[in-house]
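We just call them A, B, C and D in the order they show up, numbering each chain from 1.
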Amino acid sequence: MNSFITIAGVTLIGLMLLVLIRVIKGPTVIDRLVAVNVIGTKSIVLLLFSGILFGQLDMFVDIALGYGLLNFIVSIAASRYYQHRKSLEQKGKTS
Amino acid sequence: MADLPIWHYDTLFLTLALLFGITALAMQNLMGAAIVFGAYSFLMCLIWTTMGAVDVAFTEAAVGAGVSTVFIFATIYNTGVSATPNSPRIAFKIFAGLIAFGTGAFLLSALPDFPDWGDPKSPVNSTIAPYYIANSITDAHVPNIVTTVLADYRGFDTLLETTVVFIACIAIYSILRIDNAKSKVTEPDIITSPPAYDPTDSLIIRQASRIMVPFMQLFALYVIAHGHYSPGGGFQGGVILGASIILLSISFDLKHVLQQWTEKKIMILTALGVLIYAMVGLACILMDGVYLDYAALDSVLPGDEAYARSHGILLVEIGVGITVMFSMIGIYINLASNGRFDRGL
Amino acid sequence: MEYIAYFFIVVGLIFFLGTSIGLLRFPDFYTRMHAAGKGDTLSTVLILVGCIFAVGNQGDLNWILALKILLIINFVFIGSPTATHAMMDVGERAGAKPWNKKGENK
Amino acid sequence: MEDIIPKFNYIVVVVLMMTGLWSMLAQGNLIKKCIGMAIFQTGIILFFISIGAKNDALIPILTEGANHTFDNPNIDKVTNPLTQILMLTAIVVGVATLGVGLALAQKVYQQHDSFDEDEILNNQTK
């Protein structure tokens, strides 16, 4: 079981690298936001995986629960920001 | 971690985190930099987990996902600068790079003297830490050693750290807070000031946060109360409680939150947490003990001396939770409303 | 029991492969959002269901853990689509142009 | 290479710290400076956590089973709790100080209408 979880975790990290490319490349801020949201959701999974590898999942599941609850705050905050600012690529100052 | 040496698994995360950190700093757009900094914080949380530091990982999860990125957003929102102008200071940048490189090389020259990563016999692991590990159960009946060390063995340390959070909150009030009536500073350039209930606001976001907020607060209370037996404690629970109120004020409106949590209430409660902590210490002196030695509270609290320590730790954690929660809310409201306490992000 | 866990985790990983390839290859913001919003939530839920079966030992589930993981699934299921909705709203308000066949993404 | 791999953590620590330091020195933008400060801080936290880590160790929450009993833990198999509590408080204090930095940045922006150091200096000398 443990070796399977290790392989799955490493695969997950490898796939997260692809998402990282989108974070670095993404032409607009929202593309980056989408990719970071995906990374945040996958962090929950990786936390549970490392809990299984440590053999003490009952301790790690609380952290994952906290992540599951808090993960979408950043997206909503960013959405409110753009709702009030209404522009993606501002150059220079807006004042 | 099974039969792998530590570094096989962690080097991947470390390299990734390094990439994210450099990306966050290289980003021209400030919103982009803040978002990438959030992702960096996720990876740091994973790194703490793989090194076995669950409480630190929990704190980083709550802080990184809940508050720190939102603080940066609030600042950018109030100042309206979302892209950095290119400043042509190449010579100075190279000079700073040389300084940083030199310092780094100087620090790395000490590399051979450091103990190996994961060596159980290294100096830091063989002085006082074994005592904590061996005696936590007999002294306080608390399986989570981090909680025992945090609130009991090193209680002074935590008291002063809580005070630092409190002082930081006061500092922000004194820097930013403007009394609306006496204000002489001109209005900041907020383009659209939304009414309390903008009809174009999304109903979905509101309903979702209406569902999530009670669960967050329940979970935070569970984290504070169950911190003796699982990762958690006052700091984590306080940050999650603060984040729940921040979520309310983002998804509804700042006014909506300020109707319930007025400025006065927030200030009093911020101070109340530190007061609870200090008063528990004073109570120990009054019961013929040493400051913050909860065993002296034996006659008031149920159980024997070890259980008295355990309950004393719980009292202290509640104080920490209250201070951290309201500090986070106070800092957020100040940053988001530019010290005016009327409207915000 | 173990094979059920393997099955769910592998299926979840396949969905996540789709997500990351979609996120990388799709031409504009809305299609990327499509890949991220659906594939990400589904793959996370599937892998978490796999984890429920992975922690049970010898055909017996650990019920408290299973309940907590179900709670996580519940919150991801509420939170992730909400976040996606918020971001889509932003994209539309901020004027991200949809891609068309001429390849003009501006 | 044999010498470097067991000490890889220190190298990452130094690189992170120096990235943060460079950002604090060279970036003109005040928010970038704040982010640089946070990265510098994570470098230091990483240093503390990684010197407290032990090979094959369990987390510092004692449970029955594994390779120690509840009352008599195997000390070499439990991660060092001391460094962890120092850093746990440091993270929360760090976010509070980040708030102070951002508040100062907002105040500077109110006075000078700019985040960029050069422009602020120009405004002052005028």
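We adopt the following convention: a residue touches a chain if its C-beta (ideal position, glycine included) is under 8 Å from a C-beta of that chain, and two chains touch if they have at least 3 such contacts.
Computed from a predicted structure; not experimentally measured.
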Selected pair, greater C-beta contact count between B-C and A-B: A-B
Approximate Å spacing (C-alpha centroids) for the pair chain A, chain B: 19
Where chain B and chain C are represented by their mean Cα positions, the distance between them in whole Å: 28
Centre-of-Cα separation between chain C and chain A, whole angstrom: 11
Shared-contact residues (touching 2 or more other chains) in chain B: 1, 52, 54, 76, 81, 85, 205, 208-209, 212, 215, 230-231
Where chain C touches two or more other chains at once, by residue number: 75, 79, 82, 86, 89
Multi-partner residues of chain D (at least 2 other chains): 58-59, 61, 63, 114
Touching pairs among all chains present in the structure: A-B, A-C, A-D, B-C, B-D
Footprint of chain D on chain B - complex, ascending: 1, 3, 5-7, 10-11, 14-15, 17-18, 21-22, 24-25, 30, 33-34, 37, 40, 44, 47-48, 51-56, 59-60, 63, 67-68, 71-72, 74-76, 78-79, 81, 84-85, 87, 89, 92-93, 96-97, 99-101, 103-104, 107-108, 111-112, 114-120, 122, 124-125, 128-130, 132-134, 136-138, 143-146, 149-150, 154, 157-158, 161, 164-165, 168-169, 171-172, 175-176, 185, 188, 229-231, 235, 239, 324, 327-328, 331, 334-335, 338-339
Chain A-touching residues of chain D, taken from the complex the two chains share: 58-59, 61, 63, 66, 113-114
Complex contacts: residues of chain D adjacent to chain B: 3, 5-12, 14-23, 25-29, 31-32, 34-36, 38-39, 42, 45-46, 49-63, 70-73, 75-76, 78-89, 91-93, 95-100, 102-107, 109-110, 114-118
Touch list for chain C against partner chain B, complex: 75, 78-79, 82, 85-86, 89
Interface residues, chain B side, partner chain A - complex: 1-2, 4, 9, 12-13, 16, 19-20, 23, 29, 31-32, 35-36, 38-39, 42-43, 45-46, 49-50, 52, 54, 57-58, 61-62, 65-66, 69-70, 73, 76-77, 80-83, 85, 189-192, 194, 200-201, 205, 208-209, 212, 215-216, 219, 223, 230-232, 236, 240, 243, 246-247, 250-251, 345
